[in-house]
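Order of writing sets the labels: A, B, C, D and E. Residues in every chain begin at 1.
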Amino acid sequence: MSDDVVFPLLGVFLFGVGFAAFVGRRHLLWKIIAVNVMASGVSVLLLTLPRRAGEGVDPVPQAMVLTGIVVMVAATALALALAVRLAGLSPGDGRHRHTRE
Amino acid sequence: MSDILSPDVLLPAVVLVPLLGAAVAVASARAAAATAVITALLTAAIAVLLGRAVVAGGAVTHAAGAWGAPLGIEMHADGVAVLLLVVTAAIGICITVYATSYFRPIFEDEEDRGVRFFWPLWLLIWAALNAIFVATDLFNLYVCLELLTLPAVAMVALDGDREAVAAATRYLLLSIAGSLLFLLGVAIVYSGSGTLALAAIRESGMDARAAATALTLMTTGLAVKAALVPLHVWLPPAHAGAPAPGSAVLSGLVVKAAFIIVLRLWTEAFPGSLLAPGADLLGVLGAIAVLWGSLLALRQQRVKLVIAYSTVAQVGYLFLVFPLLLEAPGPAWSGTMYHLLSHALAKAALFLAAGAMLRAMGSDRLDDIAGVGQKLPMTFAAFGIAGLNLAGMPPSGGFIGKWLLLTAALSSGQWWWAVVIAIGSLLAAAYVLLVLRAAFLQPRARPLRHQPPWQLTAPALALALLSVVLGVWAEPPLLLLGATAPDLAP
Amino acid sequence: MAFDVALCVLVAGLALRLLTTRDLFEAVILFVSFGLALALVWVRIGAVDVALAEVALGAGVTGALLVNARRRLEQKAPEWLEAAHYRPAAAVLPALCGAFAGVAGLVALTAPRAVQPLAPRILERVPDAAATNPVTAVLLDFRAYDTLLEIGVLVAGITAVWALERGRPAVPPAATAEDEPVLAELVRWIVPLTVMTAIYLTWLGAYEPGGAFQAGALLAGAGVLMLASGFLRPYAPHSPVLRTVVAAGLFVFAAAALATVFAEGALLRYPAAGGYVWVLAIEAVLTVSIAAILAEFFVDVPSAPQQASGEQR
Amino acid sequence: MTAALLLATAIAWPVVLTAAFMVRRLRAAVVVLAPTLALPALALGFAGEPALELQVPGLFTSMRLGVDGIGRAFLLLTALLWTCAVWHTASYMRADPRRRAFTGFLLATGTGNIGLTLVQDTLSFYLFFALMTFAAYGLVVHTRTADALRAGRVYIVMAVLGEALILAGLFGITALATDATFAAVPDAFAVMTRPGLVATVLLLGFGVKAGLVPLHLWLPLAHPVAPTPASALLSGAMIKAGVLGWLRFVPAGEMSFSAAGITAMTLGITATLAAAVAGTLQRDVKTVLAYSSISQMGFVATGFGAALLVPTAAPLMVLAVAVYAVHHALAKAALFLAIPVAEGSRRPLMLVTAALPGLVLAGAPFTSGAMAKAALKSALGGETWPVPVDLLLSVAAVGTTLLIARYVSLLALAPARIPATGSNRGGQSSRELTVGLVAPWALLVALSVVGALWLPWVLAPLGELPLATQPAYVAGALWPVALGVVLAGGALLLRRRYPAWTVPSVPAGDVLAVVERAARTLHSVGAPLARIAPGHAAARGWYWLEARTGAGLDRAAAAYDRAAAGPALGAIMVILAVLLFLALR
Amino acid sequence: MNLIMASSWLPLLVLLSSLVPGLIIVFLEEERVQLRTALNITGAVAKIVFVALMLYGVTHGHTYAWSLPVMPGLRLNLVADPLALLFVALSAALWLVTTIYAIGYLEGSPNRSRFFAFFSLCVTATAGIALAGDLFTFIVFYEALTWATYPLVVHRGTPASVRAGRTYLAYTITGGTVLLVGIVWLYALTGTVTFVDGGFVEAAAGGAVTETRIIFGVLIAGLAVKAAIVPLHGWLPVAMVAPAPVSALLHAVAVVKAGAFGIVRILYSVYGVEYATLIGAAQVLAVAAGITIIYGSLRALAQDDLKKRLAYSTVSQVSYITLGVAIVGPVATLGGLVHLMHQGIMKITLFFCAGNLAEVHGVKKVSELAGAGRRMPFTMAAFTIAAFGMIGLPPTAGFISKLYLGIGAVQAEHTWIVGVLVVSSMLNAAYFLPIVYRAWFEDAPTGATMGEAPWKLLVPAAITAALSLGAGLFAAMPVSPLELARLIIQRRYGL
């Protein structure tokens, strides 16, 4: 098997297992990690799917992956912030900001 | 040096201006509000001018970096796009005005209601929306989606109570997953077609199976963001938990953006797929959404939740377009778009009105707003008018949309969709009545805590009236829509 | 060849492990190493830029963020840590999902490639672009519009985090140079180096692998180190300076875009002469902003609830 | 010209009076003027030459007024009776607290009654007929006693029934008539698909007013309870309106209406006999007269039925019916008005005078009664009947005689011994006889007797009637009367001889009780049926459904949300995607 | 010339004359009684003037049309043909009296601005329905009417009235939606919705008989709700909780009439009676109407609540209109059309009087009516006239309608309809005469309050009573409703 099958397979695997974990794990942080793994899988596929054996790598997917990574960092940061914030709040906390019954 | 008013300038400007505004709003907390107002006016002006240009001279295309597709990215503003831009602008101005007052602390225990974060977030959302409406490039759409999602999530969490934060978290994670599904689709498309431009994909002679896979992944991913039943669970708490102006923009526009992308994919990139039963599947899901959403809306106890569930239902209407589009292209297309536009206006109006009620009455529980009709006539009028729009009552854009959709369903012999539409509008009337009724009851001896200033009443009313204008003065927009109906030759 | 396979197995194994383990700390550590291993994959493929980015951002920053988040959770909601309830029994549905994703991917994998791929067409136009490194050319010229919006995403992210954290007092420094001598010493050496490297990367980006994001990440790393070692006192989250620095990248980039629209009639179409300067300028500003943003991500992890609620009451 | 003016006045004056009565300030004056109600009409009756026409375009459905042969006869009798009765009322009612109200109803009723004799088109006829019918209710229930109200109820129910039937007939005619005039009625019948049906409907419709058995139920109840002048008018004038209705609406002689004819005759003959029997057994003098009216109308019905049946005999019959109507009107009115007079004085002379019109009714020789009977018989004689009609009629005449006898005997009894009924006696056992009380009665007696003796000579040439002086007819007319007198005498002697014997009595309104029971049953069955409301049931069903399913819906939604928080949502997402994928390829 | 110049605007003016006051009143404070009254009366009078102008023009062969493009191919068409005028004249005339009545009735009660605002909107919608030149315009105003009426029904704000409002909307909105579906379906089938005398369906889609049958059913089902045809009449008696002027409006001027008028339009201008009969639809409709007539009367018999009894009487009476137009032939149509007006003026009188009784003496039940004639003679006189009209006694308006209906039935050889009419007349008598009897022939209970209603409440009743008498008594006069209806018939059948 040639490398233009191996890496895509890796991508598929990463995406699959990431998705599975995203669905399966209740813990927020794991969900967050899981989407990152999914993202890695997509990146691998983005880079390796279009590419034929022997050719150099296509710059366009590279750029896309770069962008993707940055976006994922931002998203991860926000997700973590939310998770931690959530951990800090007890049910009904802050409700009084909102309405008063 | 090119003319400032040439569409070739206006088109990128409609995205760049709110982006710049956002940057400024981030930089200086003090100038944020002023910046937002100015940006809003500018953006609106640009949108209108662009609209005029398109009406006059036809669709406009702008090639970023002058590379042109497929090398670079193109922006494209056709009739639909400018209508979306203009309606967004209208809602945008109203929301901006509204927000200048909404976040003002009125209770002793309220200190910082996060307005200075609201401004940049809101402007970023606006930029993202405009960008999506004019986008023609798959990956560009992905970035736009993310640019839309992050601020939207922050919006939800802005009021900071636990329910809101939990909803925001759920919303974020689900839509990241959705985005990744979308991105996977993009990867497949790119490798299969060697291009990212929607129009080009169509001609690329891409392998059918790969195309199907890609479309599946992308549609599913977007279905999450568009809160299509059964993937709607995140929407009601999120939209009900956000501060009113946030809810307005989320329910009115953000959800629609995802749908627009789906529609673009199916009509521009993969028109062949409309032949497949997949279109009917989406239709069925839409139908379920209409019924399920409406029924649940009927069961809610809080005004904002009622409205949020109604969004679930109204999104369902939009997805009815897929089974109808081939049989009756004209009415189906115009009808759906028209429904989208008028619903955007109405839904924004509803949330703004609900927010005003909430601030004034201190609660938006149905039992607590008895007599709101007498206490807040303007707000209530706005709510009523917008509500009737949801129910598709004339004269309102909703009615026109309903009429066209019914025409599509019945002229294509698919009467069952007509039945769904009819029942849906009945249920809509029912849950609107749920709120209206409360207003006519004799008021409780519960004094207003706060007489809302004009900033809280006028925008809602304005939007509601706009949705009526859309119903009376429907010919020009419809002609515009009809002119830009997609050609679906596979 | 064999190496590739081995590498892939390693990466896959790491992923599997870090997603199924019960111990959050382990998961985080494994995630960082997973990132590094992935970087090797990128190198193997020949995507050096991506490799750099992966190390700096994917592994570095994200890892740091995870560590930080875990620490905060430890402080405020320890129950969350052993709440890592993962029952293999419940793995049926996930497995189904994974399988689906796999199938979808395989379908895509077995599908024929594009008749006329984009790469050649891009590569032949790179000379006309404002940067000789194809990737940078795509990032900052062909698809500069995406990059602009991407900066927007970063700004959105940080604003969102701030919005969540409003009312939080400045984080007291985790440590000071006095009580961490070793770290302090380390910092004295590393920080200048990183800064140099960052500048170099930024400048290099135009020709060779490298660029604003990687550089920004490095700078951010340096910043984080200094914060950790108490060399740097964190800014109050909403101090004008910080906000200006954060916004600068987006502002300059967008302004440049608007300017080019007026001047050149197309969004981010650089003047024929000195397009390279534009790119460098933009990259420079971006680097700083990105660094600030990433650092803020790191710093601005939520405070303890009692403080927060104390603030609210 | 003057005639036209007179015509206009004849109808306008009552209207004016009635309208004026509505105004509280004029009321007193109107009550004084009331007796002049029918004077213009009376004048017209004497003056107006036949076939005088006058059209009022804008009014109603362009009303047509006029006087023709038949109309004139009825106009005369109506006007006469009304003049006398209203005149009589003034003094009869002196002590009555509700005197004014009574006058009001009297005026309205009079307007209707006079109007219907003057109009020449079906719709206007119906208009005035209805006015008369409903206004007369006020006369019937005047005393407000339980009996009066019951009588009123029965009257109004029957009246509504009648009106409805007439309305149906009216539709039938007007739909096919070129215009609304009576002249157009025959042509309408000519083109009708089912003329028999229409004729029967009309026969019954007007039959209610004309006391046609079995639609007579209201008569025996209404007469006793109504103030005497009202009774006189009911029996004298108003039931004749029914007869006029027959003559106007059903073109006897144009064609043969076998069904209607046979119905009319059968019912008529039954009435003549049965009513006589039932009446003789009554205890209240007015009830007796009521039954006598029924039986008399039986004669008319028989005649009219014959006319319907035998077109050739029609002209004669119509004439006979007209004659009968006139003389019965006068006689019956006289008999009624005698009652209050009798309350004043019961001297034999008075009783004899009072009995005279009775003899006329019974058809004593040389009277119009005899002549009318003769006319009937001769017309019937032309045909062969399954039953011996003329014999039956003679027997009926015996009955009539007995009725009169009963009337006189009851009249002779002291008021105290007359079983108390609702009939208004102003609470006093005897009245002082004023001119206003006696004169109208006397006048009517005179008219009826004179008329009875004079009419035959006038009319004989018109319809080449056999003169009632011919021996055969004299005999034919004499024996029933004689027999009747004898029987009555016998009865009187028996009563003297064996006081213990009690005469069996028939309840006033004989079969009414049965009908009422039937009606009650019908209602008890119908009421629940009427309560079914399907539409509302549907609405209620929806609310029920909502109440029942609402909670379930909430639970389902909550459950789904919970599941979606876990792996389920991902699974759903996947299933969705798989479906979509399968659906797309 | 001037008239012709203005002519195309007249239909719009008719709408604006009530819309503008309504919109102004919305923003009026409660206290501005004078101004509000002035606005109301001015609007009402103006409307009557405009209608009169059009009436003059139409009787002289001029047709007024105004239209506004809404969708490609669909316009908001206001056309004043004789049929439209028949209805718009009715609503205009009755609006004035009802306004006067309402002003008197609501004196001093809360939320009057809201009330009169929606009151005006309600009439605007009615005028729109009347003047609608096509089904699209029709449904627009038809739905608008539904919602404009709701606040009036729930005006009192009591739980009971809110419940009633809910029922009202549940029925009418469902009806409206069904109607909409029908209209769109017809549009999809024929490609036109514009009214044509004698109908356009046969010409456009005569081929698809089954489909046109179904559509007819859908359309009528939709309209039957407002027209209160059994079994879709349930909302009408429930809506009784509304204030008297509202009931008057519902029953005589606006809602119920809108439904009936819609049915007339469908039969007269969309399908054409002939075609409807050809496909057997008209007969079914006629039977339904017949059943409704009898059923309504039977239910009315059982009601002790005066307004409920009147409501059921409406259920029965309004179906006369349907019945009339469902029978082929000019005279029957004439009867139906003229009853459209007659029923209006008679029923509104009854409700005015019922309102007076309730308002002045708190009398709400038939059983409490004893001696009402003595207590408020003029009111009861008006009531009696109207009641006789309902029974169909000459010379009232009711007789005229009934007469022409009967004649039409006979001419069309539907003898059973004659039966229906006769039976219903008797039933009408059976539930109206007891009222009249109690009022006039029974003595008021001791200690009963005496006294006539204030003039604001009395005059309207008097006027309408006079009308319902005059319309019959002078039916042959050129200005009478009958003659106006005849004009329509002549247009249609070229008599």
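Rule of thumb we're sticking to: a residue touches a chain if its C-beta (ideal position, glycine included) is under 8 Å from a C-beta of that chain, and two chains touch if they have at least 3 such contacts.
All values derive from a computational prediction rather than experimental measurement.
Novice: Going by the stated contact rule, which chains contact chain A and chain C alike?
Specialist: B, D
Novice: Can you pull out the chain pair that has more C-beta pairs in contact than any other?
Specialist: Most contacting pair of chains: A-C.
Novice: With chain centres set to the mean of the C-alpha atoms, which chain is at the far end from chain B?
Specialist: Chain D.
Novice: Mean of the CA atoms for each chain, then the mean for all of them together: which chain is nearest?
Specialist: E
Novice: If you average the CA atoms of chain A and of chain B, how many Å lie between those two points?
Specialist: 26
Novice: Measuring centre to centre with CA averages, how many angstrom lie between chain B and chain C?
Specialist: That gives a centre separation of 30 Å.
Novice: Report the inter-chain centroid distance for chain B and chain D in whole angstrom, where each centroid is the mean of the CA atoms.
Specialist: For chain B versus chain D, the centre distance works out to 78 Å.
Novice: How many angstrom lie between the centres of chain C and chain E, each centre taken as the mean Cα position?
Specialist: A distance of 72 Å separates the two centres.
Novice: What are the residue numbers in chain D that touch two or more other chains?
Specialist: Within chain D, the residues that touch at least two other chains are 566-567, 569-571, 573, 577, 581.
Novice: Could you say which residues in chain E touch two or more other chains, in rising order?
Specialist: 170
Novice: Where in chain C do residues touch two or more of the other chains?
Specialist: In chain C, the residues touching two or more other chains are 90, 93-94, 97, 100-101, 104-105, 108, 113-114, 117-118, 122, 142-143, 146, 150, 153, 156-157, 160, 164, 312.
Novice: Of all possible chain pairs, which ones touch?
Specialist: A-B, A-C, A-D, B-C, B-D, B-E, C-D, D-E
Novice: List the residues on chain A that touch chain C in their complex, please.
Specialist: Contact set of chain A toward chain C: 2-3, 5-21, 23-27, 29-30, 32-34, 36-37, 40, 43-45, 47-52, 55-60, 62-67, 69-78, 80-85, 87-90, 93-94, 97.
Novice: Once bound in the complex, which stretches of chain E touch chain B?
Specialist: Its residues touching chain B are 26, 68-72, 76, 111, 114, 136, 139-141, 143-144, 146-147, 150-151, 154-155, 157-159, 162, 165-166, 169-170, 173-174, 177-178, 180-181, 184-185, 187-189.
Novice: Chain A touches which residues of chain B in the complex?
Specialist: 109-110, 113, 139, 143, 146, 149-150, 153-154, 157, 159-166, 168-169, 172-173, 176-177, 180, 183-184, 186-188, 190-191, 194, 196, 358, 362-365, 368
Novice: Under the touch definition given earlier, write down the residues of chain B that touch chain D in their complex.
Specialist: 170, 174, 177, 181, 208-209, 212-213, 215-217, 219-220, 223-224, 230-231, 233, 273, 276-278, 280-282, 285, 295-296, 298-299
Novice: Can you list the residues on chain D that touch chain A in the complex?
Specialist: 566-567, 569-571
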